[in-house]
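What follows is a short report on a single structure.
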Amino acid sequence: MNLGEFILVSIIKIVIAIAILMTAVAYTVWLERKVVGHIQNRWGPTRVGPFGLLQPLADGIKFIFKEDLLPPHAFKPLFIAAPMIALVFALTSISVIPIGNWVTVFGIHTPLEITDVNIGLLIVLGVTSLGVYGVALAGWSSNSKYSLLGGLRASAQMVSYEISLGLSLVGVLILAGSFNLRDIVDAQGGTYWGFIPRWNIFQGQIVAFFIYLMAAYAETNRIPFDLPEAETELVAGYHTEYSAMKFAMFFMAEYANMITVACLATLLFLGGWHGPHRFGPPFVQAILPVFWFVLKVFVFLFLYIWVRGTLPRFRYDQLMAFGWKFLLPLAIANLVITALIVAWRA
Amino acid sequence: MVPLSYYLVLSGILFACGVAGFLIKRNIITIFMSIELMLNGVNLSFVAFAAQWHALSGQVFVFFVMVVAAAESAVGLAIIIAVYRTRGTLNVDQVDLLKL
Amino acid sequence: MLHLIVFSVFGLVCVAGAINLLVQRHPINSALSLVVVMGSLAVEYLLLGAEFVAAVQVIVYAGAIMVLFVFVIMLLNAGVEDRTKGSRVAMLFGIPGVLIGSVLMAWVLLQHSGTGSVAVGALPGPPKVIGWLLFHDFLLPFEVTSVLVLIAIMGAVVLASHPAEVQHSAQPDEREG
Amino acid sequence: MTPNLHLWLIPVLPLVGAAINGLFGKRFSRQTIAAIALGFSGAAFAMALWVATHASLLPVLENLAPWIRAGDFQVDFAFYLDQLSLVMLLVVTGVGFLIHIYSVGYMWEEGGFYRFFAYLNLFMFFMLTLVLASNYLVMFIGWEGVGLASYLLIGFWFTKDSAASAGKKAFIVNRIGDFGFLIALFLMIKHFGSLNFVQVFRIVSGLPTEAAGAGLLTAVGLLLMVGAAGKSAQIPLYVWLPDAMEGPTPVSALIHAATMVTAGVYMVARSHAIFDRAPQALMVVAIIGTLTALFAATIGICQTDIKKVLAYSTISQLGYMFMACGVAAYSAGIFHLMTHAFFKGLLFLAAGSVIHAVGGEQDMRRMGGLRHHIPWTFWTMTAATFAIAGFPPFAGFFSKDAILWRAYSSPYGNWVYWAIGVFTAFLTSFYMFRLWFLTFFGEYRGAAAANPGDEHSHSSTDSRAGAPAPHGHIHESPRIMLVPLVILAVLSVCGGWVGIERFDKFLSPTFHAGATVYSAEEVTASTPEPEPKEHGGSEALFTGISVLAAASGLFLAWLLYSRRPQLPREIARALGSFYEAVVHKYYVDEIYAAVFVKPLIDGSTRVLWQGIDRDVIDATLDNSAEGAREVSDAVRHMQSGNLRSYAGWIAAGAAALIAYMIWMGTR
């Protein structure tokens, strides 16, 4: 594969990935509105298209045509840059996430991800950590106290929970012995006694999984940790002053982050694209891992929505105390125990 | 192929920019960032030398530098906050007395 | 060739970010310039084969330390810096010193560069090997830095805690009485 | 074999008393302080008596601890007891104890009671160390220590200017003497390699007598004499002793009459081995002693202060002792030392009693007719006066007679010494009876003496600070003061009965036996023993002459001060300027002030202070400080407190360093 092919294939994969991701984002929003509606004994969107399926499209059009407000005392360059930063980093992190095995299309053997790197997991973490800038800068550059408070809260919360998040992943890394997401998934193939899959949550990382779950909710500013955008006190937090496409960018970034987090959870804890059986014709055989992967991601996203419809919001001090005084020690304990078990086995 | 000296010159330029920032900036936070810039310049030469001499310990040093930088920035920023609380300014030209 | 191009592009970005740090008057711009510098440095590290260092550079420097800076800038609501003339020395001796020093160093480095050159991925720095080095050859420094970090945490907590709170907790009923 | 005598206890006992009183005495009652002081000094006296009775075999050397060891040179803390030190020991502890008792009564009303007795006990410690020392260095400790105690006690009423300066004067004049003593010690270390008496004398006895020309031994002897002159108030260093009368009277009695001032005599006697081989030095000792005796006696005639008279008398009597030593009649000198301790101590104590009786007055012209008021004092003083005047059978007769006889008959003797000695004896008798008549006979002049009359106003002020001098009721002293007076009076009468022959024999192991043992042949060889000049008849004749001299002194005093009290004034007028000079103590103090003190002060002021100290030493410091300040003033702008300036300096320095390294590397 020469340089030209490489660039061409990469561009095609990037376009496809972004298209899929944007669609996924749009329909995650629709799913959330629908599910929450039903949880709250409502219908949710029903008017636009069958079951309201065209609602995301309508929303998008509306965002585009809305007036783009610029607050007079905002710090203009950053005010404009902030949503872009948020969205760019949210989209970037998907680039190293594999959704299936290698495939050969038109004679080109390529992995089902944009690029396969040794330190994929680290890149995801790094890019996610850069996503904080979007939130923080948006909050600060709006020159509004609600925004500033939201931004401060968001950056503090994300920095705090990033530690727990990272530490909860270290156990998995110890088991797999690699930063490469594909290697990690491969390490989860097969079953115990024929019916229990060798997913990491069944390899003793169940605690780590729940730590990851909670830290991920906080990282993505979702209920019950959505303090940065708590409507009842901060109006809308860091994006109070935003409107139109800039607001849409934050919106998309949030859901893209949700999907990234769900993918990561699937890859690290739920066995990735490994499924119960290989059956059907070769074409189906080829597509089946992707199906399993998407199914698991969907379950995880549904969990997100379910939690949102169920739980109330924490107070800010509770949030910080929970992160530092409960989650972090627990993650460290999990790490130590996992390391001891691995060392004992080896 | 890039000669080692290019990396070292880049590293030197970054370091010099850091020193210059320390000298010309008045905001104590920016001065602190200049220090980080200097550390980054040094890190680059560490990594370049590691590649040149095929010695991974150069990269390990970078980790230690990062850890020290992280610790330093945590304490340093706490000090900056304390200074701001007591003096009400971040301009180092106005923070030149030992007593309040 | 590709190596040189990538090096040059990100090297220029690096220098531009560093100079922007100096030129910008608002600390938040400086901070973001520094983030740019660090990001492009991460790319340079990748070019040198130090992929783990690159990742850590992004996570620790760009993702943690610089976030802390931005956070503090936001917290203190630091404005545009005044161009006060507090120090003639810095201008009279410091700047020429920096210029002389850097020019001299660059000159010497380029003069005596020799034949040594660095290839892409010349020395892959897989995390495993680095981990091995860290926990075997550099175990003592590693532990020492862990103590250092612990001290830094405590120092930061003590320094940043509000003095009034400390006073209050030390003498609980003084104010009420 | 002599049992372990524990000689060290004798000096240490008073030291313990001094320590207790000095450290804690402030909180004690006066009774407690007195009990402690008397207890420890009395214990020392008892110990001395016990030693005297138990020391069967003398000399005894008691080595306590090594002190200095440098190569072959070694000095130990060691005590040495022989006949000479035994006599001194008994005199010091005995008279000292009696004066302690007296002091309790005399000082009862004074402030600083505990301080006084602490100093007094401290003096006892040093004096006993001096007496018991087995080498010159330990002796020097005692020597300096008694000087210290003397200084402290002279300046006891330190709030009084004259007392404080008198103390300083004594100390400084003594320093001059000590300087000579120290150089003598250095010479000994250099040439003999030791300071132990036994070793030094053994080495010295091996040396030939420096008959003609002066050598090492003469130098050592003369330097020792300088020390002795300082301590024992001989010409030319006697000037401090009259001023030392500013101290309390018991101090004058103990230190400046009975014991300390005789330390010089003791030292010369102790060093007899050196003087025996240095006839020139011996001659100097004799001449100084003789001159001092005469000189001080003439001054004593004109003094009006009762204590000053006694002070000059003391100097004169010390001159007698040196005269004795100077003619190698050491035992006679020590004999006179002992009897002098008795009667001069008594005289001072009685004078103190008189002063006490008249309420602090010291001027004899304001006394008179006191014999009915204070009979005990009168009778004891009478005994002492007759003793010092040399009337048989009082103690002074025997010792003075022995000295005068030896001054003539000794191989080193000369009839000039004798003649001057007899004349001095006459003068002594005269001024002592003048004192006696003026004080105890005639009418009481206390109230009428507002105008001093012809005699120049040389009365010193009251010795007691701030105490008014009401010449009101004249009263006898309390019993505690009278008991020592009586005991000393008995000793003044009987102290001489032991006789010079027996005393000589007792001391002979120290002086003669030692000398003959050390260098029997050389003494006989180099200094042919002159044939004793017709003993027997001539000695009786000499005795008669000296008694006659004493009697004529008594007669003259009676004539002038009792029979015809107008006569002295006329004589004084007739003598004119000479009388004036004597009254002013021959202007010696003024001469010293002009010749030594003023040049010294001027030199110190002009050269040392303004020249060297201020313009060189101080100027160096001031200018360097000033320079440092100016440099700092210039450089302190670096320390502006501005962070960026510091960074600028660092950057400039780093650039310089880099440039240097590159220059070194590319060179």
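By letter and in written order, the chains are A, B, C and D; residue numbering begins at 1 in each of them.
Just so we're on the same page, a contact is a pair of C-beta atoms (placed from the backbone, for glycine too) under 8 Å apart; a residue touches a chain by one contact, two chains touch by 3 or more.
If you're wondering where the values come from, they're calculated on a predicted model, not measured in any experiment.
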Original post:
In terms of Cα-based centroids, which chain occupies the most central position?
Top reply: B
**OP:** Give, as an integer number of Å, the spacing between the C-alpha centres of chain D and chain A.
**Re:** 108
**OP:** Please report how many Å separate the Cα centroid of chain A from that of chain C, as a whole number.
**Re:** 28
**OP:** Please work out the Cα centroid separation of chain B and chain C, and write it as a whole number of Å.
**Re:** 5
Subject >> Whole-Å separation of chain centres (CA-atom averages), chain A against chain B >> reply: 33
**OP:** Would you mind listing the residues of chain C that make contact with two or more other chains?
**Re:** 52, 56, 64, 68, 73, 75, 86-87, 90-91, 94-95, 98, 101, 105
Original post:
Which residues does chain B have that touch at least 2 chains other than itself?
Top reply: 19, 23-24, 26, 92-93, 96
Subject >> Contacts with 2+ other chains: residues of chain D >> reply: 640, 642, 644, 647-648, 651
Subject >> In contact (per the touch rule at the top): chain pairs >> reply: A-C, B-C, B-D, C-D
Subject >> Touch list for chain C against partner chain B, complex >> reply: 3-4, 7, 11, 14-15, 18-19, 21-22, 27, 30-31, 34, 37-38, 41, 44-45, 47-50, 52-53, 56-57, 60-61, 64-66, 68-69, 72-73, 75-76, 78, 81-87, 90-91, 94-95, 98-99, 101-102, 105-106, 109-110, 112-114, 116-119, 122-123, 125, 129-130, 133-134, 137-138, 141, 145, 148-149, 151-153, 155-160, 162-163
Original post:
Within the complex, which stretch of chain D touches chain B?
Top reply: 640-644, 647-648, 651
Original post:
Which part of chain A faces chain C closely enough to touch in the complex?
Top reply: 75, 78, 117-119, 122-123, 125-127, 129-130, 132-133, 136-137, 139-140, 148, 151-152, 155-156, 159, 162, 177, 179
**OP:** Would you tell me which residues of chain B are touching chain D in their complex?
**Re:** 19, 22-24, 26, 28, 31, 92-93, 95-98
**OP:** Using the touch rule from the top, collect the residues of chain D that touch chain C in their complex.
**Re:** 638, 640, 642, 644-645, 647-649, 651-656, 658-659, 662, 665-666
